[in-house]
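What follows is a single structure, and I will ask about it in a moment.
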Amino acid sequence: MNRVTISADYCKGCGLCAAACPRKIIVLDSKAINNKGYHPASVIAPGSCTGCALCALVCPDAAICVERDA
Amino acid sequence: MVVFERPRSLSPLPFHYCPGCTHGTVHRLVAEAIDALEIERRTVGIAPVGCAVLAYDYFECDMVEAPHGRAPAVATGVKRTRPDCIVFTYQGDGDLAAIGTAEIVHAGARGENITIIFINNAVYGMTGGQMAPTTLPGQITTTSPYGRNVKTQGYPIRICELLSTLDGVAYAERVAVSNPKNVLRAKAAIEKAFRYQTEGRGLSIVEVLSSCPTNWGMTPVEALRWVEEAMIPCYPLDVFKDTGAKGGMNK
Amino acid sequence: MTSRIILAGFGGQGILFAGKQLAKTAMHKGRHVSWLPSYGPEMRGGAANCSVIISDKEIGSPIISQPDILVALSLPSFSKFEPAVSEGGLLFANSSLIPEKSKRGDIKAHYIPATELAAKNGLAGGANVIMLGYLLYVTRLFDYDELIGNILSSIPASKSALIEGNKKALLLGYEYRG
Amino acid sequence: MSQKVLMKGNEALAEAALRCGCLYFFGYPITPQSEVSEYMAKRLPQAGGLCLQAESEVAAINMVLGAAAAGVRAMTSSSSPGISLMSEGISYLVGSDLPCLICNIQRGGPGLGGIQPTQQDYLQATKAPGHGDMHLYVVAPASVQEMAGLVARAFDVADTYRTPALLLADGALGQMMEPVDFDAALSVRRDLPEKSWATTGHGGKRKKNIVNSLYLSPEALERSVLSRQERYREIERTEVLCEETDTADAEIILVAYGISARICRSALEAARAMGIRAGLLRPITLWPYPRAALLRAAGHAKHFLVVELNIGQMVDDVRVATQCHRPVSFFGRCGGMLPTPEDVLAEIVKIHESIREEGA
Amino acid sequence: MVVFERPRSLSPLPFHYCPGCTHGTVHRLVAEAIDALEIERRTVGIAPVGCAVLAYDYFECDMVEAPHGRAPAVATGVKRTRPDCIVFTYQGDGDLAAIGTAEIVHAGARGENITIIFINNAVYGMTGGQMAPTTLPGQITTTSPYGRNVKTQGYPIRICELLSTLDGVAYAERVAVSNPKNVLRAKAAIEKAFRYQTEGRGLSIVEVLSSCPTNWGMTPVEALRWVEEAMIPCYPLDVFKDTGAKGGMNK
Amino acid sequence: MSQKVLMKGNEALAEAALRCGCLYFFGYPITPQSEVSEYMAKRLPQAGGLCLQAESEVAAINMVLGAAAAGVRAMTSSSSPGISLMSEGISYLVGSDLPCLICNIQRGGPGLGGIQPTQQDYLQATKAPGHGDMHLYVVAPASVQEMAGLVARAFDVADTYRTPALLLADGALGQMMEPVDFDAALSVRRDLPEKSWATTGHGGKRKKNIVNSLYLSPEALERSVLSRQERYREIERTEVLCEETDTADAEIILVAYGISARICRSALEAARAMGIRAGLLRPITLWPYPRAALLRAAGHAKHFLVVELNIGQMVDDVRVATQCHRPVSFFGRCGGMLPTPEDVLAEIVKIHESIREEGA
Amino acid sequence: MNRVTISADYCKGCGLCAAACPRKIIVLDSKAINNKGYHPASVIAPGSCTGCALCALVCPDAAICVERDA
Amino acid sequence: MTSRIILAGFGGQGILFAGKQLAKTAMHKGRHVSWLPSYGPEMRGGAANCSVIISDKEIGSPIISQPDILVALSLPSFSKFEPAVSEGGLLFANSSLIPEKSKRGDIKAHYIPATELAAKNGLAGGANVIMLGYLLYVTRLFDYDELIGNILSSIPASKSALIEGNKKALLLGYEYRG
């Protein structure tokens, strides 16, 4: 399975990853709030991730790490 | 297999930029280029005055903070005395295209062998959203509250086109970081701009159309749409000069 | 009499606006006032605060080291300023974002879930004015009508849609009973 | 309802300038004074004037030079690094005998420094705002109301003596809001000389005008410098401003201007409440400096305490003004830190005690 | 019938220029243009720092002496406050193309409705013959004693080409005053540059290839030959932009 | 044959810099100092260095900033208006704690002024060469030989304390030729600290270096300003230079630096020949100022006469240094005029007579 | 007859007029010297002057006045 | 002993070069010297002059208000400086370009048609060195060989063609008998 890790320390909840994800599996967690007052992004359906890394490519805070199966 | 992670040349510090500000994206691309060319150990970056003033904290190479607009002169001082170093400046549109006009033009005319990363976000970000030389006609800013009136406040400056008239400029390309495809193009351009320096070709500049959601009063997603719909028509994405291309293309 | 008020929170929570309403209302009552904001790039997403002094005499230093009244809308601002409140002073904390309570015995603390109240009542961004309403109820610094009059007169014609929201928010705070 | 409006210092100074007939503003953004241009950008077009954002502070001051040469009231505004960049232009304005208003809303330095309030440019403003033997008329307001009033005065002095004027304030005064009454601030109006020297096109009606600071003959240059010095002597005679609070019987006299004078005023009240005979002498014009008032005060005071947001730039001026009759000490913070009235009070108490001991 | 005499707008003072220096020729052409358009009474000229610093003594209109390189900013200050005045700057290549780069570029970008007379003599005349941005490759000057080495000292800047990239520039032409025919062309260009201002078209610039016999170490006649043989090949005479031409020619 | 060479001051300072290992010069032409760049343009390429003509003084000082950040000895040179343009950059060099040498070969002002020698930038050099609380190490040579020697010293002090240094001379010293013995001028060499802070690429061998003057936290900025002030105190303790001629028994002490000290020396000889006990105290460092020497002199002297090529810029410094113990008067010319020794002598005689009268 | 008047007050003896004159009738008077130390130009054969004014056109010191018959 | 010499003339007459030769020769004899030129744009076509001081003692002011020796090559420079020559001083005037004579009785005036002599002998631009030769003959400031040695050593290798001319010029002046 491909894995997308979003670091809550870096994430500012800008939503660019969510907009870029072709599978639409990233959302901003409106309940969580980090210590800067942001709602960080999270992957809601990791199983459908294609590992395309488009989310990471547009993330302005280099908050996303993408791992792909072999 | 990790297909994407923070580049090594980027420090672990979180950026101070606003949510969705593409300064961060460009920082990452610069760090990726430095990684790819394995030049971190001999690179010296010059930070501007502008939102990217703290860039010195974000790159894992030696850094100098320059006075507003003078980064190309500071870079000249470093490069001429340490020719083995790879020297780049990172400048905003107020920094490079307003107060620093003379410095960038003359670094170009001299063919300084340096790399310029130029962030065009059509506004003065750091000082709170004043008009920049690159502000679009009609665009509202705090110092063009009725929309930029070209008759009294002037026309946008197209820096790549202007610098391409100079013999010392080796490479000038305009890119945008508005969607994944454009980010990939920007990445390639930035890497080329650094590679040209390692090859001693002269001054390379990559102009990056960038967003300022905060001062534009837009969400980050809206802001990137505005880059594509409003900025690109005024600032076409293109390679304006490339002395390294086949036939030494020189538009 | 002199009141030294610090209002503090995240940038974007309307801290400076709220402080300005206090100062303006006091000015229109003929009192001496000063309003001093924190400023600069740290405002961006980070912290924001302002110091409001209301006095019967000319105001010397506009800087407040020990506020008589602290209005804290965020946790970091609570942590930063709560220890500085003067003995016998008042604290107003937005309990929606400040899970902690003041441990000081020498001040009087008031808590109001302003952010939640705002959200529940469809008043996005109204927490600041809710806090003002609550402050007004507790301190009776001004008459209700004076304050609401000044708030409404600060709203530009182009944003008249905001009038009702502000009225509602001030009243919500004013009528809140912790 | 009173005619007072609650305004930021930066905005009040802009509004005051406009009301004084300054319809031309040339500037370049910089924290903490960008509100000045922003305000002007909104208001001047409505008033039939022009707010032009220049490409740099260097260009801005030279646009002011052109506008002043053309005979209109014109101004610029900046903060410390931007003022440094203007210093060549400022010297040219002086050398060309052109009136205008320059505002420096100081921040921290040296270099890029920080954006918090300081008074670090006192020496630059009063001793060497540019190359050459020169001065500016330098006013230092201590409130938003005074910001407005001194703008009016600065323009009048500038026009009367054909000299640039400098308003020296700081980030706190620029950013804070206080009530302003413009009618009161701008009530005094002078009879001003005609600008018959202005370059407006001679219209065939007069000889051509030349605005210039070059004198290739050293004799001519010396004459021009000396005649300007005579105007300076006149300004020293007639345009000094300062405010004294409780100095008449004071043993300890605080000397402070601008925002630090405000802090001192709070400290002073506390000191008097403790029975310490302290007073405050507040220079309002920093050049010309209130030497006479200080010398008078040195007649009875035992000690002078200078309080500034820098490392003691005004201290020597107090020494010289008081002819070294009394000890002068310094208390201040720098880099954007602000002392509290309590800090200043502690300093007053310390001095008070040492005077007592000496007396004993 | 008098077919040629000193123009009215030229003062009776003899020029301080060296024998054969074409600054004088250009002064005369400027005065002729002012005479032809009958604008002397409402013209304000801005003198540079350079050999032409005393230009304020030579024209019979109001004059302002600007700091080195800042004439376009000073002109902006005059024109914007006195829009009925005709405002021109007279600047050398050190003044305009080195220290004053930002000011001319931004006056151009703003489309300031002023006229720029730009004297390109490939050298800093007044200060004794140092290298200018327009010094030719290989040219010996006091600060390029081994000949201008483009690799270390940079390439000549072509101002008309550079400014033509700006939307606010209405007219840019390069002329030379090296022989009678060229002088006539220069005269026409200068007059047009003033006329465009009266028509409110924006910034007009005429670049005049000029001689500096003193610092070039040549006789006046040799110097004019050098303008033709060495300078014109590097700085082609042409109209680079003319928004008033048929079809709004904009090369 | 002696090892002396006859050289212009401008050339000697350039040659001295080169011999001190300064291989990088960035400048912009301006009279009366263009010989400095011209000399460097000839010699530096031969020496494996670089003389780069910048597009302006603003660019030049920032190239120096880059070169200094990269850890090499670098310098620039200009004259009054050009130095004004550098003041932002100079403040950044200070704020970034970078060593370098700046030369100001003064001319007349304000504005474009003239090109003849003056000392009009004394206050700018010593009080406010830029915005913020800052100083430069300022040396004022009085001969071509000293021009060379002080270049060496200025570089050493700059490197030792990480501060820019300023050589303040004038058109006469820059243009005149005198014999120079470089071996004598440059004989003293110091042990200098390593420039471990330089931005040269970290090579993977150390943590990255940052050269910076920004401190967004006022606490941090204040700390940095205060720690710089401590270095200033150290410089004041150890790097003051001044020369006294015939002061030991002098009733009248002339205080003058640079070219005016030369004129005073001639006047002094004449005065002594007339039996007037006059002496000359010549500050060689203008900052730090030789306060101790002046105070000592104030112990016995009856009168101080300051002689400068300006309108009296150093007078207050003498007053403060002598704690206003003695009268301080001024004689000078400005705008490029030079007083003759006879003029100064006449002034001495006048003072001498008034002292006699008072004594009588 | 056409008349060319060269003002000795303005003339600096640069020789550009002489070089430009198609009739080659202008020379520098090497014996005369004006008070700036220059040898002023003069017309040696006024009769052959065509009044073409080329000399005046190139004179950098505006020293030349040209009058033509009718 | 101290000699204060002013050399003056038109720009281009080699005034500064001539002054430098005097200073250099004196320096090589171990004497104190200073050389101060007039400078700036007025040199262009206009006037040029320099002040040379030669002394046994350290030199104070390098500026000369009253020269002991004046070498004047042009009429304007004669008119400007002749009245300033100190009592008992010497004047050397280039009579080719200076039709006037000194009217002062308290100085000793020497006239030499240096420009004509130079022209006659094919030494364009040699009037300055001719004047030096004459000055040397009259004043005996230096040995002939010292001065010619220094002049020749000032000529760069690339201009060795000038050697003969300078030799000839110095001798012409030295042997001139007014």
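A, B, C, D, E, F, G and H are the chain letters, set down in written order, and residue numbers restart from 1 in every chain.
Note that in this section a residue touches a chain if its C-beta (ideal position, glycine included) is under 8 Å from a C-beta of that chain, and two chains touch if they have at least 3 such contacts.
As the structure is a prediction and not an experimental result, all values here were calculated from the model.
*Asks:* Find out how few touching-chain steps suffice to connect subunit A with subunit E.
*Replies:* 2
*Asks:* Considering B-F alongside B-D, which chain pair is linked by more C-beta pairs in contact?
*Replies:* Of B-D and B-F, it is B-F that has more C-beta pairs in contact.
*Asks:* Measuring centre to centre with CA averages, how many angstrom lie between subunit E and subunit F?
*Replies:* Using C-alpha averages as centres, the distance is 38 Å.
*Asks:* How many angstrom lie between the centres of subunit D and subunit G, each centre taken as the mean Cα position?
*Replies:* 60
*Asks:* Let me have the rounded angstrom distance from the C-alpha centre of subunit A over to the C-alpha centre of subunit G, please.
*Replies:* Averaging C-alpha atoms per chain gives centres 84 Å apart.
*Asks:* Note the residues in subunit G that touch 2 or more other chains, in rising order.
*Replies:* 12, 38
*Asks:* What are the residue numbers in subunit H that touch two or more other chains?
*Replies:* 40-41, 45
*Asks:* If you look at subunit E, which of its residues touch at least two other chains?
*Replies:* 18-19, 53, 65, 67, 98-99, 101-102, 105-106, 126, 133, 153
*Asks:* Write out the stretch or stretches of subunit E touching subunit F in their complex.
*Replies:* 49, 53, 65, 67-69, 94, 98-99, 101, 124, 126-128, 130-131, 133, 142-146, 152-153
*Asks:* Spell out the residues on subunit E that touch subunit G in their complex, using ranges where they run on.
*Replies:* Subunit E reaches subunit G through residues 1-7, 10, 14-15, 17-25, 27-28, 177, 179-180, 183-184, 213, 219-221, 224.
*Asks:* With touch defined as at the start, can you tell me which subunit F residues reach subunit H in the complex?
*Replies:* 1-2, 4, 6, 31-32, 115-116, 171-172, 175-179, 259, 262-269, 338, 340-342
*Asks:* Mind listing the subunit G positions that touch subunit E in their complex?
*Replies:* Residues in contact with subunit E: 9-10, 12-16, 19-20, 38, 51, 53-54, 56-62, 64-70.
*Asks:* Sort out for me which residues of subunit B touch subunit F in the complex.
*Replies:* Its residues touching subunit F are 40-44, 46-47, 53-54, 56-57, 59-67, 70, 73-82, 84-86, 102-103, 105-106.
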